[in-house]
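Each of the two complexes below includes chain A, the first together with chain B, the second together with chain C.
And then the complex of A and B:
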């Protein structure tokens, strides 16, 4: 490109007028900006906003520069970023100490929990700054690009107009995203970090400081086989047993609720049944009662001397079983009660889908001489499964974490296994986590269990969803 | 974007943003405190003649000195106690010329004390009420101020309180809190089904054939939450088996000794009669008014409910004795008390300690006895309660008498102070459940020792 000195345009070195592909990953974009940028743009890597200022976007450039100055001030100030990062690694060095004086009380010194929190917050701030830095480079290169093309870069006023017009989505999403970042993402990172420390009732952070222990707790929980000094490793035994029951529970409840819901919907949907709406309403009323209430009532209904057993005794069965007190029986009963709670939902969903199956398919099948069973297996079932696969996956994951039913019905179940740590026989991973947090205050173990639940759920979701028909052929159903 | 869409988008985004801020409401410095409910019970603080006879007088009001210390104290009490607490604190301030105290009152139930304090120890209450089972945890977390110095300033403290109550507040010989009422269980019974003499012995209770109630159901003799570690240890301790040695040895437990086995055999015998009713979750309460349950083992937190159910048949007594191999044993539950403690991180230790002492002293305990039917822990008041020869102006609930007697040393045991205690509860529940179900692991004599060994191993394993 030539230097155009005579037309009021700026006199820069020849710059290649390349488009940067902003849809690629950030390092690639930055690399391209570095390659195609001229000297001023390259300087913007160190002094944010430099390119903007040179090309005439003075206010915008200064805002970027100011942000950079504020960030480095935050990092280097007395109790600032670097200080917090250091404390994140050590998690405090000074536990509560005895004060002196006549009525010596205790002095509050380092609190490991605050060290962890501020350290994680600093890391989040650093990442936010990196995002802003990348954005400033992009806008700096954009300014260079405009100038190279012969246009004037946007003035500050024009930029604000764009942010309220074309790019309004950015403006509006700014507050919610900040909120999510502070109140959701930050606490989650904090809780995940706890799983790698020894934070529990004993090491509470200010009397005895917390330390990083890395993957120790994971090792203890996932350990298979017995302890070196004989006997059973309580953590891992509890974990694998509870995990096994959680999976059986999730599969059984999801599968049974689905099948029975579907059958119920089909039965109501048949041609001969009158008052379809009445029957549907009747079966939906069981969800009108809040789950909390109905489960607690069920609990007293099924207890050893509850209503059910009194009735059984009255009709002559002298020794009715203890429905919720026997390990295996409790497991079966809990699944059955969940059917009562869950079938109305599946019935609703399958009713809607059933109505959508084109009637021609059924007529064609009848003409071909198929009976009810064949029709069901060849037409209804495949169609249903195709449409509801995401729903099924969601139900499965939801049932893995179905806290209400188990906790309210059995409280974790009969405590008859002597080798378990803080867990009963019908405890799911999530109810065990609750007991660990509230009762024995083993926060780090609870966090590890939480992380493992997440890995379990995420893995299942991804595998099943990707390999399901709905994902593979979204449009067609054959 | 069209204008309409823009407006809609702005509204939705603002809603989303504000929903993220809902978390803000709970972060205001003091976690765990709720708005004071309107259920604070009004108090009548006039002292009657019985109090004056015992030597309890309202503290004199004095003018503050010119150089009185200006102090700010934060006081935590449950919602029902707020009125009484305010009254007592103001009395304390008025009667001390050296202090000019501004109080902040916050609601925090006794059970939540540990959670609320550990959240932010530096800015929490200076004086707070808590359930005594948290004493060891709080002191382990350095949240309790060592009050031994106060006992040197006021040497009468040691003898004023009931021995068991005072000992329950000691850790390694140092005083960490003041006990102000009992918090353990005893036994309520139906007067029309069992007499006062009969309820003294568990064997008599179980052997009596009570027939059927008006509803046609067979009457159960003994309502006991056997699947709960807190209750079943009363039997074990009664026969000399302890947890953690004297309460401080985390790896000692003799529940699998001969004495422990004897208790298990005894309990198997009780289950065999079929007259024990499992009072899990207070399920037995609903049987009381129908006359289907003769006795129920629970505490003063349930006395109003039990009074309602039993009506004229309401009576309460100490836990019955039981006999093993001819030896008579008392059931010995943990001597649990509600206590008042001082936060170790307090900025005004002297004033807080004196306030805590005042809140559990004669005057305050009398007020609680009069207004809240709380069993006293001061010897003078205990004697007053137990003395049934004199006419009393204050009506004493039988539950108060039972609680006062139950907290004495021959009827209760000291709670262990080792943090290892937190491991005990699920295993105590295990033992109770096995016995209740008459699982063969605990009924078969050859397997009994193994089961107990496993339980003891669980109790003593330091995680």
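And then the complex of A and C:
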């Protein structure tokens, strides 16, 4: 080992070789490789793996070369990448037509949705290829560097070993990232694109093709006030009303669950309470039962002729309220039911943290003569909020997107405000989005709503999360 | 002086006792409110009288008929609850294996290995998590359609497990608590990072492995949205959650309500046992992630 380095030192005198700082941005790294690289390395910019093949890393070099050949074959072949990129711009030109006669079969031609999908997929493939290309250049330069230092470049077997040691992150991340790319990233890019098209009930994508319409839909949704021609702009009216209720809902449920869950945890934690474990289990049972079961049952209890109202009628109240049928009452009821769902969960999370609060703080407060309420607001709450900020944000965003409670309890109803487009009075943005996709097929509107929900949650979380201690001091506990 | 102190102590003791009693009463009332709906479901599941909105709680005749009907009497065309149960079990076994592998790989990497793109990947994962899940549902359908995969159980398995890698935060929080010195000691002894992963970190991480296995196993039992969107009207490919949901839609509710309750009990009891048994890992994992 020592000898080897010694030899390398000697060679270093004759053929100059430069360290490339691979931690810098990609264009700078590539630029350095290009300036320091010899002819073979420079040629690798065109013929991937050339430098590796010349310097004896034959298998590796040919793998690079093969992927390059395959990539360009895919781009240039008939109905290949270039064709898909072209169709991404036009979104199809040739709609499906009906064959001869009244009952002729439909002849399918272009499908705008697939044009868009394959176009986006091609772009993802191109990016993946660029990453691989940069990697091949890096590997080619490394081979040159090794040879210049008088060492043998790694054998293929050694390279594979490295993928289980130093570069293990690549081996472990490969499959998970591929899965995420295909089933999360690609669909999300696709749906974002849909927001800029006219894909809806009238333009189904194959008999009536889709076109790019730019920011039109965003304008319609965000536009405040009434239409130029006097009528109510249904999209924006619905959006702002639903957004208002979503925020009220998210704030109310997050904080009520948090406070009451914590109080419950403190009550059970109190000195002198026996069978603590039994009490906790009692409440946690409701978390353990799948949410769709407990919520569907709640709905059947609360319905107009459900169990609750039957019991009320039996007691003698002849005209019990329709719990989920009146818009204001329904809003209160969903918040209360959500408390029923959420309080045990908060209790579960906070129990452990509550016990970690230093006892000296409470003793000091006792000496100063503080009562229970003051202690709670001056010691417990600030401490808890400090420790659980990330959890609170997560809950807040979770509540903005709380699909289950609303969808299963009220389905968004009651539907009393007829100026709203496809949304009921308790609809949150997510449930509205769901209805737009499933019932009215307003895909582009749904996509715009999805993007706006994203912007909403991203703003809330990134600001708070990035400034929180647990993000900044990630290494602290290691 | 000392007598005065004792009386003070006694009165304090008395006050403590009364608050204790009040607390017990409060807890009992609250506890009853939380458990009450489940007691009622169990009662209804043993009720012989069919129908949804009866005005009494305790059944007039008890029987096991609902449970027997649930597994034998076809719903809709000729599908029974048993088919759905089988589908769900199959799907969740495959999903558990794949997602556990994905989650553990990603969280180990993000926690123990420092590489250039690490922070970027973690931020991207955060950002992707902020898009509402239903938004991409129709896109996933089109992707599956392009590969001619719609309407198959395997497509559901893919949907549930492919993106599992994004849910690495809890497990990463756990791995962060294992001292790094152990890894370093192993490296000095010449162990590769793969050996560290399989021989050192994994054996120390039983709680989080159990947690990951159980949460990924439970996923397919809860989903009632994706199934319907991908399987459309192929009722024989439904999972239990969607099947139960179908049992109390407008068409079936009046006749199937008691069977629905029986089905709910059949699904809930194993899941509740699983949940309660991993409750400890659950809180530990979560408070771990809260701390850092």
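Throughout what follows, the second predicted complex is superposed on the first by the 416 of 478 C-alpha atoms of A that agree within 3 Å, B and C clash if a C-alpha of one lies under 4 Å from a C-alpha of the other, contacts with A are read in each partner's own complex, and residues count from 1 in each chain.
Keep this in mind: a residue touches a chain if its C-beta (ideal position, glycine included) is under 8 Å from a C-beta of that chain, and two chains touch if they have at least 3 such contacts.
Here the structure is a predicted model, which means the values were calculated and not measured.
In the superposed pair of complexes, A:175 makes contact with chain B and with chain C alike. Within the superposed three-chain model, A:76 lies out of touch with both chain B and chain C [touch as defined at top].
In the superposition on chain A, contact is made by A:183 with both chain B and chain C. Of the two partner chains, neither chain B nor chain C is touched by A:66. Once the two structures are overlaid, the count of chain A residues touched is higher for C than for its counterpart among chain B and chain C. Of the two partner chains, chain B is the only one touched by A:418; chain C is not. With both structures placed on the common chain, the touch criterion links A:355 to neither chain B nor chain C. When the two structures are aligned on the shared chain, A:290 is found in touch with chain C, with no touch to chain B.
Of the two partner chains placed by superposition, only chain C is touched by A:403; chain B is not.
In the superposed model, A:39 makes contact with neither chain B nor chain C. Where the contact sets of chain A with chain B and with chain C meet, they give residues 165, 168-169, 172-173, 175-176, 179-180, 182-184, 300, 303, 305, 310. Across the interface of their complex, chain A is touched by residues 16, 20, 23-24, 26-27, 30-31, 33-35, 37-38, 40-41, 52-55, 57, 101-102, 105-106, 108-109, 113, 115-116, 118, 121, 126-128, 130-140, 142-143, 146, 158-159, 161-166, 176-177, 179-180, 192-194, 197, 221-222, 224-225, 229, 241, 244-245, 248, 257, 260-261, 264, 267-268, 271-272, 275-276, 279, 282-284, 286-287, 289-292 of chain C. Interface of chain A with chain B (complex): residues 96, 102-108, 165, 168-169, 172-173, 175-176, 178-180, 182-184, 201-202, 204, 206-207, 231, 234, 300, 303-305, 310, 322, 325-326, 414-416, 418-422, 439-442. Chain A contributes residues 22-23, 113-114, 117-118, 161, 164-166, 168-169, 171-173, 175-177, 179-180, 182-188, 190-191, 194, 264, 267-268, 270, 272-273, 279, 281-294, 296-298, 300-301, 303, 305-307, 310-311, 313-314, 340, 344, 348-349, 351-353, 387-388, 390-391, 397, 401, 403, 429-430, 433-434, 437-438, 443, 446-447, 450, 453-454, 457-458, 461-462, 465, 470, 473-474, 476-478 to its touches with chain C in the complex. Contacts from chain B toward chain A in the complex involve residues 1, 6, 9-10, 13-14, 16-17, 19-21, 23, 118, 121-122, 137, 140-142, 145, 149, 217, 227, 277-278, 280, 283, 344-347, 349-350, 353, 419, 422-423, 425-427, 429-430, 433-434, 436-437, 439, 451, 454-455, 457-458, 461, 463.
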